[in-house]
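Next come two complexes, and both contain chain A; in the first it sits with chain B, in the second with chain C.
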Partner chain A sequence: MRRLAVQNLTGKPVRTAVLTVLAALLALAVFGGSLIVTSLRTGLHSLEDRLGADIMVVPYEATTKTNLEAIVLQGATGYFYMDNARAEKVLAREGIGQASEQFFLASASTGCCSLSVQIIGFDPQTDFSITPWIRRSFGGELQKYDVVVGNDLNAFVGDTLQFYGTEVHVAAKLAKTGTAYDTAVFTGEDTIKALIASSVERGMNQFTVDPDKVVSCILINAADGYTPEEVVNDINIHVKKVKAIQTKEMISGISDSLSGVRDVIGVLMAAVWVLGLAILLLAFTMSVNERRKEFAVLRVIGASRGMLAGLVLREALLTGVCGGMLGGVIGLAVIVPFNRAIEEQLGLPFLLPGAGTVIGYFAAAVILTALAGAAAAGIAALRISRMDTGLILRGDN
Partner chain B sequence: MLEAQGIRKEFIRQGKGTNRLVAVQDTDLTLGAGELTVLMGRSGSGKSTLLNMLAGLLAPTAGRILLDGEDLYAMEDRALSRLRNARIGVIPQGQTALHSLTVLENVLLPVRMYDPKADAAPEALALLERLGIAELQQDKPAALSGGELRRMAIARAVIRRPQIILADEPTGDLDDENTAIVFDFLRESARNGAAVLVVTHEGDAVQYADRIFRMNAGVLTAS
Partner chain C sequence: MKQNEKTTRILSVILLILSAALMLGVKLVFHACGAKEDGSWMTCHWAENAVCASGAVMTVISVIALCLKGRARAGAAFSLVPAAVVTALLPQVCIRMCMMNDMRCHAMMRPAVILLCAVIGVLAAVTGVMANREEG
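Up next, the complex of A and B:
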């Protein structure tokens, strides 16, 4: 009886293929949908981690003349500067715990990168947001003219890159974050100052600044006893021409679109499932009706009602498991290689979860699909096991 | 051995009003070991209905069917199914092939159903040989003629060496030569101890029969 289920399936290759594809579609919907939603959520967490600070203080013009969010969150390039004097006023305010200055520069296109890339300089002495993360892929100290590149850049450890005629050396490549930082270049304060100086010398910087007298932004964590909100308000009220922003608020736009995307995916998934289940139900019922006579013959040679139901369910489970695996593999084949494209399409940080989680989702999708197949076949199985063999057997119809 | 006591079958016919059709009137019938019983009658007279009731496949409206004293229709489905598998060989009317299996697999299925490891292939092949379709053993039923399928169904019904053989027009599509082979075979089964009931239109069946019954509009009479 076990082999009979397989033989019934292989004996009708077209019907089996259609049912398997249908099951694959169901699996693809749950697996793909949940993998995308989880990747978006992982991406958001990763972004929160990478920002790594409660507060970001930028020159006021940065919020009016550049798209700050695009730069910080979406990997656009852009830069702005404020005088050290202004930065000092910010750092003198109350409630400031950790604080570190950063320097931005956008490169002209270079060998590694067809587009211009964002270069972010940090102060190794005070930095608390980038260093811990660089530590994961690079143990040494960054020397002058050393840079660390984001995961998506086409540059590798040991390469030499040129920015504004200044050669830099790739010391490390970061792990993937699924965020804007994957396309950025990081370097120490002294290196970026040299790069800014070259860009100004060549007249390729839109500002004429002395790199030693400016910073681009200050990252701040609130001191114990102060909330980020209090510190932000205090800075915005008392320091002119700067803007303090809570990073959480910056991200809230992203988490809003994320829940929007999640809702859309949820609705799509539900639609695929309702439709798919209805078709499966119909298909199994038809397939069983078509074979009423064969089931009657099985009864004649001694199959019990339970064995008939088991046969139908086994056929459905086999179809569900094969289709489920197929759908899962298709999902992997689409989502894993194209995750950059998905990220760009959605404009949201996108980071695949670990292999264990992916395998877990895969297994869950296969099981769910197999159960759906069994449920769809259940009614047919019940009907066929209840039928009155003697009535079907008459004559040759 | 197999004893029908006052069995009767009514069908409710769809149509104008409630129209009851009595397909088989109250009937007593005993099939004894070693006996070949032939049942003849016009089309629609109730022969298949009676045979299906005897096979445990169609519950009678009234009456009982006892196999060695045990009421078939009082049994659990599982037990009755198992019993049918082991002790009752049924050759139903019409085509009854399982299309996803080869001829040999069709014949072996009753054995494998409850004992997947049993190897009854030599026996199955001997049966196919005897019935003249051995060379078709690896073919799918779709490739067989009506008469060949009928002979396959016979082999499948007897592979378990049942004590009771119920055959519903087993020679319907067969030529004279094969008809003779089938009747010889059924006759031999009876000689080996089986209780055999054959529904047939074949006049020649008379010469193989221990007893002959006629069915007329649901009424069974010995002749």
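Up next, the complex of A and C:
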């Protein structure tokens, strides 16, 4: 009987191919949908981790002239500066636990490419948001003209990059985050000040600032006994020409988009499954109806009702497993290599989960598809077990 | 044996379609990044050209495989395997591409070239093995 199931499937290649493609479609829907939704969720969590501070204080112009969220969250290159006097006023407020200044600079196009790179400078003495993350990839101290590159930058440890005519050395490459930080360059305060000065000297940027007298933003963690809301309100009320923002508010837009995308994918997955299951049920019922005489002959030569039902179920399981694996492989071949293109299209943080999770989803999709096929065939198998062999062989319905 | 020959002929047609898709697709569909503002090209453009040229060679080999029979077809099909491997390695490994991995050459061209070359390589190997069993 085991061989008979395989022979039945290979003997009717077109029918088998159609059922396998249907099963593949179901598996692709569940595997692809789950993988995309999980990657988006992982990307958002990664972004939350990387922001690493309760509050971000930027010059007020940054919120009006430039798209702050695009720069901070989506990797758009840009810069804004406030003078040290304003920064000192912010730092003098109550309720500030940890505080660290950052400097933004958008590079001119690098040697190889037409696109510019966002350079983020931080003060290693006070930094609490970037250093813990860099520590995972780089144990040493960043020297002057050392940079740490995001994972999506095509530069490697030991390479030399040139920004505004100044050569910098790649000291480390960060792990992938699925966020805008993957295409950024991080460096110490000394280096970025040298780069800002170099860009001003060469007239390659539209601003004229003294890098020793400005900062781009201040990252703040609220002190014990204070909530981030209290500190944000205090800064916004008492310090002029700056804007304090809770980082959670910044990513709420992304969170809303993610929820929308998840709903759309969920509806699509459900639609594909309802349609696929209906077609599978129809296909198995039609197939069993077509093969009534074949089953009747098997009954006559001694096959029990249970054996016939088992045969149909075995065929369905084989089709489901093969189709499920095909769908899973197609899903892998599309989503894994093209994940950056998907991220680009969705415009949301996108980080593929670990290999274990991907394998788990793959296995779940195959099992679910095989079970769905078996369930659809089960109804057909029930019909076989009830059929009257004598009537069928006589040609009566 | 007749059935085997029919199968290898169908596989040869698929190989021809895929090789032509590689040659044309890399220029028209999953092409590399565009020119810089000053009109000069980034390095990925040269990788695109190299893949297109390699795809043209693979298309010609596929036509030869389609026209031949038996072991001659097997030989032509087997020669596509290293050609596919080398073509897959052209972007980034042989010719380094752009700075950021979210740029078009990394996000679209490279994965599409690798995927097509992987399919061509596997199908060419299968065609070669099957054609090797044919008579003549």
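Note that in this section the second predicted complex is superposed on the first by the 391 of 397 C-alpha atoms of A that agree within 3 Å, B and C clash if a C-alpha of one lies under 4 Å from a C-alpha of the other, contacts with A are read in each partner's own complex, and residues count from 1 in each chain.
By our rule, contacts are C-beta pairs under 8 Å (C-beta built on N, C-alpha and C of every residue); 3 or more make two chains touch, one makes a residue touch a chain.
In this text, all values refer to a predicted model and were calculated from it rather than measured experimentally.
S.K.: Is the arrangement of chain B and chain C around the shared chain A a clash or a fit after superposition?
M.R.: Verdict on chain A: chain B and chain C fit.
S.K.: On the A-aligned overlay, A:303 touches which partner chain: chain B = first, chain C = second, or both, or neither?
M.R.: first
S.K.: Could you say whether A:343 touches chain B, chain C, both of them, or neither, answering first, second, both or neither?
M.R.: After superposition on chain A, A:343 lies in contact with chain C alone.
S.K.: Give one of first, second, both or neither to describe whether A:4 is in contact with chain B, with chain C, with both, or with none.
M.R.: first
S.K.: Who touches more of chain A, chain B or chain C?
M.R.: B
S.K.: From the overlay on chain A, compute the angle at chain A's CA centre subtended by chain B and chain C, rounding to the nearest 10 degrees.
M.R.: Nearest-10 rounding gives 70 degrees.
S.K.: Does the superposition put A:293 against chain B (first), chain C (second), both, or neither?
M.R.: Touch status of A:293: first partner only.
S.K.: Once the structures are superposed on A, label A:388 by its partner contacts, choosing first (chain B), second (chain C), both or neither.
M.R.: Only chain B; A:388 stays clear of chain C.
S.K.: Between chain B and chain C, whom does A:12 touch in the aligned arrangement: first, second, both, or neither?
M.R.: After superposing on A, A:12 lies in contact with chain B but is clear of chain C.
S.K.: Per the contact definition in the header, classify A:156: touching chain B only (first), chain C only (second), both, or neither.
M.R.: Once the two structures are laid over each other on A, A:156 reaches no partner at all.
S.K.: In whole Å, what is the nearest CA distance you get between chain B and chain C after the fit?
M.R.: 15
S.K.: Starting from the residues of chain A touching chain B, keep only those that also touch chain C in the other complex, and list them.
M.R.: Shared contact residues on chain A: none.
S.K.: Inside the complex, what are the residues of chain A that reach chain C?
M.R.: Against chain C, chain A makes touches at 75, 109-110, 112-115, 117, 151-155, 182-183, 333, 337-338, 340-341, 343-344.
S.K.: Which residues, counting only chain A, touch chain B once they are in their complex?
M.R.: 1-2, 4, 7-8, 10-12, 293-294, 296-307, 388-391, 393-397
S.K.: Chain A touches which residues of chain C in the complex?
M.R.: Residue list for chain C touching chain A: 33-37, 42-43, 92, 96-103, 106-108, 110-112, 114-115.
S.K.: Which residues of chain B touch chain A in their complex?
M.R.: 48-49, 52-53, 55, 57-59, 77-78, 81-82, 84-86, 90, 92-101, 105, 109-110, 112-114, 116, 156-157
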